[in-house]
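Chain lettering (A, B and C) follows the sequence in which the chains are written, and residue indices restart at 1 in each chain.
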Amino acid sequence: MEHYNMNLNLKVWRQQNKNTKGTFKMYRVENISSEMSFLEMFDVLNEQLIKDGENPVAFDHDCREGICGSCSMYINGKPHGPWQANTTCQLHMRAFKDGDTIVVEPWRADAFPVIKDLMVDRSAFDRIIQAGGYISVNTGNAVDGNTLPIEKQKADDAFAAAMCIGCGACVAACKNSSAMLFLSAKVSHLALLPQGAPERTTRVQNMVAQMDKEGFGSCTNTGACEATCPKEISITNIARLNSEYIAASFAD
Amino acid sequence: MLNSKIPAGNLEKKWEEYKGHCKLVNPANKRKLEVIVVGTGLAGASAAASLGELGYKVKAFCFQDSPRRAHSIAAQGGINAAKNYQNDGDSVFRLFYDTIKGGDYRAREANVHRLAEVSVNIIDQCVAQGVPFAREYGGLLSNRSFGGTQVQRTFYAAGQTGQQLLIGAYQALERQVALGNVKMYSRHEMLEVVKIDGKARGIIARDLVSGNLEKHFGHAVLLCTGGYGNVFYLSTNAMGSNVTAAWKAHRQGALFSNPCFTQIHPTCIPVSGDHQSKLTLMSESLRNDGRIWVPKKLNETRKAVDIPEEERDYYLERRYPAFGNLVPRDVASRAAKERCDAGYGVGTSKQAVYLDYAAAILRYGKIEAGKQGLENVSQEQIIAMGKEVVKEKYGNLFDMYAKITGEDPYEVPMRIYPAVHYTMGGLWVDYELQTTVPGLYALGEANFSEHGANRLGASALMQGLADGYFVIPYTIGNYLADEIYSKGVDTNHPAFEEAEKAVRERIEKLMSIKGTQTVESFHKRLGKIIWDKCGMARNAEGLKQAIAEVQALKKEFWSDVRIPGEINEMNPELDKANRVADFIELGELMCIDALNRNESCGGHFREEYQTEDGEALRDDENFMYVASWEFKGEHNWELHKEELKYEVIKPSQRNYK
Amino acid sequence: MTWKQVFTSSVGKKLVMGFTGIFLVLFLIVHVGLNACIWAAAYDPADQGQMFNKAAHFMGSNVLPRILEIGLFAGFFLHIFQGYLLTLENRKKRSTGYAVAYADGSKWYSRSMAILGTLLLMFLVMHIYHFWTPSRLGGIGTVQPLEEVFYNGVKHHNLYAEMRDVFVGNTLIVALYVLACGSLAYHLLHGFQSAFKTIGIHNKKISGLINSVGVGFSIIVPLLFALMPLSFYFGWIK
């Protein structure tokens, strides 16, 4: 792989806190190596800003290996930037070339209020899980793990849904700010497994109700969520959620 | 002074005996007892959930925006359990034995045996929670093998086992939040332990969004805050992983044990440049099928694929024929370093070795052709089929490698190099996981207890969940049973006021320095000192230098650090400064500990102490103890030794040949 | 969960859209099948719209289609009303928009269902004015009744003649009809498969089938509809 250096213009959303109005600011970073990750490029910018006596750009990040779901930048009109099935922290600078202008915005949805700059409050996701995204089994109750064989295909499908990292890119990508891909991934994960069956009805009811309460929009199946999801969670899960919901609505 | 409270009796009966005789708290009293849990990784989330289920009033804290983001999530390979589902001779005893041996005989027998016993319950619990472990076509759980063992006892969910287990624990935790048994404080960082009459009674936490300090009371405080690998700056830990909570506890009287026992993981993506902010691990499971090699020729310039078979040095297979590429992590890491130091390293930096899948692709391709009953298949077809199999097994890891390096690992061998991954050292705890401060507990990676001087793969997840789900619910009752008489303390108590004041003053001091160097630059310098002199190989000379350098760095930090922004706002630089200040102090203690330990064992390799063929040379005569350090003041620690007594296992030189 | 809770939830509201959508798709099948009878005139010059008029007469005089017609209007109303409501609600969920829109993750027409639907609504008003009003309300107030023909002694509305009157020589009207068929095609291209997703079809084989059928339907049906005014306009049928 050939490496190269580049100079870039960054147009970054700056916002002091959730009560103030934000605005875009232009910055220039130089000698950025194509081997850097996108967040490392932001580290360079922040070091530069601190040296210049300015406030660095606040953004969420933690594991920097694409699994914790913290990072949340909307880069050049796409959550997590131009690569497919990718998180911001795994985006590398070879995706850009010298002289590019990169526009970086926070996730935008009223259910995800901006805390500062590119950092948003995604606690709504936790509250959706609290509404029923679990199997009610206390520690110590379990029977032997192999007493309940699970069809491999079902286990694999459940795993594919459970891969969701809760980053919120689906909400950010959706024109309706809908959280249906996130919600349906959890509902599918638990609905596909026999362990999830006893709470199937109430789970989907309560989780949908909580999602509505949090102020997310409804799903119009545009597929933008699936296209941007770093873990490639399938939109089929949304259809499965709908069928779970219909079944639940007939339950007494 | 150190009483590890190991129950009497036969090793395999100790835990049962303990459970049968420990004190219990009745349900009505549990409701009145408050427990603070700091950290929501596998240990913290499972503890908070389990204690909430029991009826305690729990407050859980994490610095991330959601408990689901704790760094346990990044664990890839798997979790061990002595289920013996594969009928390959596994048992609780073997898991116990492998863990003690893997830890180079520096762990407590009783703790490790308990860990092996409860390992089987963990799998059951996780399956019941809906953790989608990998399964066979018959619907039963699948296993794979991992380094340092000869049985298949590792349960996994593709390369995302940690994620799935953490999500399981997180869901259990959120369920308790919904039921009102646990109150969750996200984006909060613990900055002090509050002690009243010698007992831990609460914490001072900072709301990272508003910057406000908060006082929280608890009848007991659980630190589940992970390891301190970020002292090296570059590690596979998350950017936010820190030692602060453990360090505050240490300064409040909790002993810190074996800080020099750090694990360097052999299969990480090599450093590419100065800008690097963290290192990425490639699961150890890759060593199941990949072959590790370097060129036989010095200053080799040919591409990997152009180097013929007979000019490749498969050094692990050569040195350790019995375990081959599956030797424990410390052994594999050191062997890689040895080859690179000798000048056989590959890649632009020459600080890497090859992890090659060509042979595995060919082997799987042939098996696949056999399965499909194909004859006269071309080499290309075999390779194509083999790639498919490899993709199914390791696809996500290969994708990750490709994303980071821009190279296609299906075509060219991966380049790997060891990186800091896990810290076996941590807060000293007794059998009940209690530190030397009554009422203050440490769980998971934050404590020192189960892994000795080196942790085996797929054991970290096991320990975190064992502590949280199956150990602490019993042992904490033994302490809290005597606390039912103590009413909750008002947080206006002078001890809380003083602790809060001290925290506030420290923050104000940091902010008032207004120097010229960034927090990040100090962290980088600290990391370089520790990596160079207290990393994969250490010697007395270097360690002495390192101690002086770290002391000087501390002085410089407190006089020249620049932290922008304000105290009462979201200020990530201030958060980082708080953490780096503690890392600097820990760094000094690590070097002191490494200097004290005049032997090589597990992850601690002192160049002065090695066998003729370069293997670690233990000194059981003089160092079969847990080195536990008491904080005495600035640059001043006192050593306490907890002798390790091996009643069942006979320590011997580890042999993986 | 009460029915009220079901249908006021975000999923429930979408269910209304999905079910009414599928109902309207079924209506389109009937409508296009029936109207295709006009082409009988192309094969048999003596037909003069007889087949078509008879079919229309059946729909207009039999009680079952008349009941269904009420359902049809209700379906239209619900679909349109709920569609606008959801669009407005969803817009409100993001008060600060993006500087750079996310365009390549979804098809433009899937994001433009409200606009396509509005075009269709405007067309619907015109279309009802052209055919439904004179047929059903002819003779009431100022609405002119349709020309009448007798087949086997039974009185029929000559809707065929009405079509001829509306389309022949009226370039603008024909253009508007063709444009509406374009909107319909794109509306269906997203709406058809989306409706089935909304009502919970997630079996991979079945959804694969639905997707293919949906594409075929979205092309063939609007194309046939568009060919009707064009057939009169270009004199393929007289």
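Before moving on, here are some points about what is shown:
Simple rule for what comes next: a contact is a pair of C-beta atoms (placed from the backbone, for glycine too) under 8 Å apart; a residue touches a chain by one contact, two chains touch by 3 or more.
Only a predicted model underlies this, so the values are computations on that prediction, with no experimental measurement involved.
Between subunit B and subunit C, the least number of touching-chain steps is 2. Counting C-beta pairs in contact, the chain pair with the largest number is A-B.
Centre-to-centre separation of subunit B and subunit C, using mean CA positions: 63 Å.
Averaging C-alpha coordinates per chain places the centre of subunit A 26 Å away from that of subunit B. The geometric centre of subunit A is 38 Å away from that of subunit C, both derived from CA atoms.
Multi-chain contact residues of subunit C, defined as those touching 2 or more other chains: none present.
Those residues of subunit A in touch with two or more other chains do not exist in this structure. Against subunit A, the residues of subunit B that register as touching in their complex are 46, 49-50, 53, 64-71, 73-74, 83, 85, 121, 123-130, 132-141, 157-158, 160, 162-164, 167, 170-172, 174-175, 177-178, 184, 186, 209, 236, 238-240, 272-273, 275-278, 280-281, 399-400, 403-407, 469-470, 473, 518, 520-521, 562, 564-565, 569-570, 572-573. Residue ranges of subunit C in contact with subunit A, taken from their complex: 1, 3, 5-6, 9-15, 86, 89-90, 92-107, 110-111, 113, 190, 193-194, 196-202, 204, 207. If you check the complex, the residues on subunit A that touch subunit C are 11, 22, 24, 74, 76-79, 103, 105, 108-111, 173, 175-178, 205, 208-209, 211-212, 215-225, 227-228, 235-246, 248-249, 251.
In the complex of the two chains, the subunit A residues touching subunit B come out as 1, 16-17, 33, 35-37, 39-40, 43-44, 47, 49-51, 53-56, 58, 60-70, 83, 85-86, 90, 92, 94, 115-116, 119, 121-123, 125-126, 129-131, 133-146, 148-152, 155-156, 158-159, 162-163, 165-166, 189-190, 193, 195-196.
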